[in-house]
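Below: the structure, in structure tokens.
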Amino acid sequence: MKVSIVGATGYTGEELLRILSGHPEAEVTFLTSESQTGGSILSAYPHLKHFYDKKLVSIDNIQEIAEQSDAIFIGLPHGHAMEVGKKVLPFGKKIIDLGADYRFTDHKVYEQWYKVAHTHPEAKAVYGLPELYRQDIKQADIIGNPGCYTTASILALAPLVKYGLIELDTIIIDAKSGISGAGRGLKLNSHFSEAFENMQAYNIGGHRHTPEIEQVLSDLAETPITLSFSPHLIPIARGILSTCYAQLKSGVKPEQVTEAFESMYADEYFVRLFGLGGYPATKNTRGSNFCDLGWHIDSRTGRVVVVSAIDNLVKGAAGQAVQNMNIVFGLPENTGLKQAPLYP
Amino acid sequence: MKVSIVGATGYTGEELLRILSGHPEAEVTFLTSESQTGGSILSAYPHLKHFYDKKLVSIDNIQEIAEQSDAIFIGLPHGHAMEVGKKVLPFGKKIIDLGADYRFTDHKVYEQWYKVAHTHPEAKAVYGLPELYRQDIKQADIIGNPGCYTTASILALAPLVKYGLIELDTIIIDAKSGISGAGRGLKLNSHFSEAFENMQAYNIGGHRHTPEIEQVLSDLAETPITLSFSPHLIPIARGILSTCYAQLKSGVKPEQVTEAFESMYADEYFVRLFGLGGYPATKNTRGSNFCDLGWHIDSRTGRVVVVSAIDNLVKGAAGQAVQNMNIVFGLPENTGLKQAPLYP
Amino acid sequence: MKVSIVGATGYTGEELLRILSGHPEAEVTFLTSESQTGGSILSAYPHLKHFYDKKLVSIDNIQEIAEQSDAIFIGLPHGHAMEVGKKVLPFGKKIIDLGADYRFTDHKVYEQWYKVAHTHPEAKAVYGLPELYRQDIKQADIIGNPGCYTTASILALAPLVKYGLIELDTIIIDAKSGISGAGRGLKLNSHFSEAFENMQAYNIGGHRHTPEIEQVLSDLAETPITLSFSPHLIPIARGILSTCYAQLKSGVKPEQVTEAFESMYADEYFVRLFGLGGYPATKNTRGSNFCDLGWHIDSRTGRVVVVSAIDNLVKGAAGQAVQNMNIVFGLPENTGLKQAPLYP
Amino acid sequence: MKVSIVGATGYTGEELLRILSGHPEAEVTFLTSESQTGGSILSAYPHLKHFYDKKLVSIDNIQEIAEQSDAIFIGLPHGHAMEVGKKVLPFGKKIIDLGADYRFTDHKVYEQWYKVAHTHPEAKAVYGLPELYRQDIKQADIIGNPGCYTTASILALAPLVKYGLIELDTIIIDAKSGISGAGRGLKLNSHFSEAFENMQAYNIGGHRHTPEIEQVLSDLAETPITLSFSPHLIPIARGILSTCYAQLKSGVKPEQVTEAFESMYADEYFVRLFGLGGYPATKNTRGSNFCDLGWHIDSRTGRVVVVSAIDNLVKGAAGQAVQNMNIVFGLPENTGLKQAPLYP
């Protein structure tokens, strides 16, 4: 199986390379980069020495890339993947986009939040969250791989929504992310001396992962959900912790909450349940494709609080993309994704 | 003015020493430590070289200490300050307790959350949050200095409660703290390799700062308030970020929220308003006694989100204690507390 | 192949478990812990959920453990492995000790630096640095796995010593280590708030890895070498950077230095050469068994400066131990050790 | 006393503002910035709210600035301060340059290491290390404030050189710096996710602070000294640790080393001696103008090892600049510089 990465020098591209280096069935064919065309991937990422020494090519070669690849991962900023998608699709190759272009069922929502026109609305893209859409992914040609905050938050709330345990208009998500989520592009917020020993919120009520979470939970609830989402920057490189709040419906018991989680995730390899009263920690997932979940009943207020932890670059990006690739090609879903987390 | 510190070798004791070293009116007289009696404070904290070289004495000398001090700061674990208080009070000296023993107006609440009997219920203690209880503090003999989470959370929510802008049963506080909040005592959660590049929640719905926040907000609202409080551990040494959520009452406008903050804090030196849409960052307060506030209207859900940032060891502990001391002794409130934050 | 770990709850034990979980030929049989006997390894290390759920047994079962294991890793403090060694050896099983007990050819040196009597001097132990002692390791029953500082420093200096390029009495090693090197035991130096945003040297001229480095370099030089070694604590969890200085012999050219490194390590999978002027970074090795090397000629002073980087828990401990196990059992040396480093 | 800062938005400019906010005699008059002209200093540094709210002006106003200031601090990249110096000097105002332009007695050395022509060679600049050049600083019109690595390294080695205790051709300095030393300009090495949990050396044998250290030590020794200097990047914001090695002259005793330090620094407020066997830690100096020193005799090799710790932005930059200002204006040297370090 031959795979290529369009936009290989960002952190999601790098992380795909790390994971694919241990994948028994995938062979990396092309890597593109516009800023470093002609250079080696090793100049960008010396830690990959002994694993890769490929030349970076321009996206201008997309036709050749499409011809010689079975699957193409796209790690470009939103708005650019659609152009790649239109060119690759005619070759009958699989596309897994790690950006936002193919995540929305309603393109108007995409256009409203991302402020660009959707130029590939005819694409039949599938939302790539395997724990919820596995059957659709199997048949998909284009997969919109979910956002990092999104993955952590949806997996935390899905059982409560699916089994009707909470008041749907009371959902609040307080999410904390490591700095790698902001990518490799230089900016003051990601400057070491600024971010170090610092914490802050940003984009409260306006982060673009909000409509993505609402789309999936609304789909599960079969009714529209609007929720509050507040992202925060935390001075670690990898990891998202999502603390999710909702009012329990009157009379719901703790055991029902636990049953909902156990029913929904009983067969999910990548979801690890830490139970009622359990406290997931981001470091327990570092470098792995796991999403760890723990839930709490705040009996004084009648709320349920679910905490989820993932590695934003793995289950929140590249790992989930490889999981999707495995599904599409009929491989065991955890092929190449069995590494234990790196702790401490 | 002579001041002594009972329990000087914890982080709050050390921070009192740092701040008092720059206070023009206070002279440090006695420092106690049971674990390091007879040693020098410099063995515990070499960074204080050139500022102090006092011998640590045992609390057994409390009578002599009380006689020779105008004010006594107590930095002991809860349950121990009451014993000190009973002995010092007869000498007519001021007590500022940085623990929980003197924070509660209803001792039953204290006993319920702290699982110890309150042995000094006759003490007329005042809750030491100057921005709300300044007039009472002026007259007080015993001051219960607020908790770190508490200070950050109350200052964020007080204007909304006082001016009746929110539904009181919808308050959720998601708070993040640096590791120094857990003190200098060794434990696995504070072990460097465990905490580093890690995040986790703890004590959801059960943290002891919860009833303290409820007591003060209920006092402001003149009706009992029950709320959800979720603390988190973040791998920095200093800093608390508190993200507070509530449903706005129907019809409340953004300007009213802004007016509430501006009215309440117009004359408060230590509260810095970053306005509607503002994002406080913990590092902007590091080493200072400021509480920075920003507020946000999530118009899609009708919620208000307030973010507050403090240095947990300063405005959340030792700085606020010195602020209280200044009030009690009729000094300008920011005496010895004018240092700019340490950034970056 | 059945392997057991005596002393499984320290960081080297944990790291062995992480690596062995991806080893295709090894099956973990027994895990011992005296402090947590009867508990599950998951209580100590929840991140291993889905990989292990073994009960921790006491070392009192060493006979049963020896009978049912092909190899036994020992992760105990120095002085304790000898007792295990004496009991296991009669069963004809392989021992790989990650502590210091079996590292020294001259037991007097061990006794002098470690202040305990060597009680198993008749053991024919081999020093487990494969790049230098591979042939001996193949035949060994007991392997003394090298220390973390040691591995980084020896691999940096060995080519210069072997090819006679430096003045042997001018060697200075300035080494920097992440905090995990100090283990999981609680102490003030490893307390998060103390170590964070801090750096310090310790044990200058007196660290116990000094005689180990001297033993191996003297062996290579065929003459006794005495050198200066200064370790430092750096606030990261994983990683050692060793900066090694020596005076070049008169007339030695930069090309000769480069040739020495290339000759010595041409066939070594785990040594990655970053060349003359190259700068290894610890993060490029994180989670992997690589040792990265770069060298520099300071022509103004006639010195050579070699920089080496490793992950102290992998090539500096558990990874090298598995590498030794592979050699002993005739497996390809990088079996189970092919993971790419975790970056960023 | 009116002072202005040319180049106020870098970290040294910001740190000057922090320190000057607590200086009883200095009033900040003008702040310049070319990139943010017309904006407020609060946009660049919100943590200074309540302390400053000045508009940033262009350096084009240098004549007005010179007229209305008693002293001018320059925080510009090398090569630019000379142009400012030439314009300000005729006004008879004091100049303290925090860059390299005025540090060298031999302009050829400057031109060789900095690769630009020195355009103001007639300036009678004084090297601003008060502990060595206090008498000259008192009379100076232009002060070349020392570099951060330089300050830490010279203060560590000066007593050994001055009292003739070491072989001058054996000096090796292994220095470690926090990331703030690289400034606020965005670059990949200072990007959070790259620097975090990472360590690396850079510019071995070629860093521009090398000739500065050599100039001062040669001046002390009254003979030219050439030495090895290796800087390293450590993932903390503030702090430099400098580990300095040299061969003791034959027969030199430990007491002589201790005497040299005590003689030289007996009256120096900002140099704190931690003695023979002492271990300075960068965090003990954080936010303060102290340089902490400890020294060690490696009797096995006959070497002396001195460790020094400073806050690179204070004693390594802005604090030392204010110390120089105090000297020039006849104020007590520690005016405005008496803050205790911020720990933990």
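Chains here go by letter, A, B, C and D, matching the order in which they are written, and residues are numbered from 1 within each.
Rule of thumb we're sticking to: a contact is a pair of C-beta atoms (placed from the backbone, for glycine too) under 8 Å apart; a residue touches a chain by one contact, two chains touch by 3 or more.
The structure displayed is predicted, hence computed values, not measured ones.
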item: Chains in simultaneous contact with subunit C and subunit D; value: A, B
item: Chain separated most widely from subunit B, comparing mean CA positions; value: C
item: Which of A-C and B-C has more C-beta contact pairs; value: A-C
item: Centre-to-centre distance between subunit C and subunit B (centres being mean Cα positions), rounded to whole Å; value: 46
item: Between subunit A and subunit C, centroid-to-centroid distance (C-alpha), Å; value: 36
item: Junction residues of subunit C - those touching two or more other chains; value: 11, 178, 180, 193, 196-197, 235-238, 281, 283, 286, 344
item: Interfacial residue positions of subunit A with respect to subunit B in the complex; value: 169, 172, 174, 176, 178, 193-194, 196-202, 204-205, 226-228, 230, 232, 234-239, 241, 243, 245, 279-283, 286, 296-301, 303, 305, 307, 309, 344
item: Contact set on subunit D toward subunit A in their complex; value: 11, 178-180, 184, 186-188, 190-193, 195-197, 235-237
item: Residues on subunit B engaged by subunit D in the complex (per definition of touch); value: 11, 14, 17-18, 21-22, 45-51, 180, 196-197, 237-238, 269, 272, 274, 281, 283-287, 290, 338-344
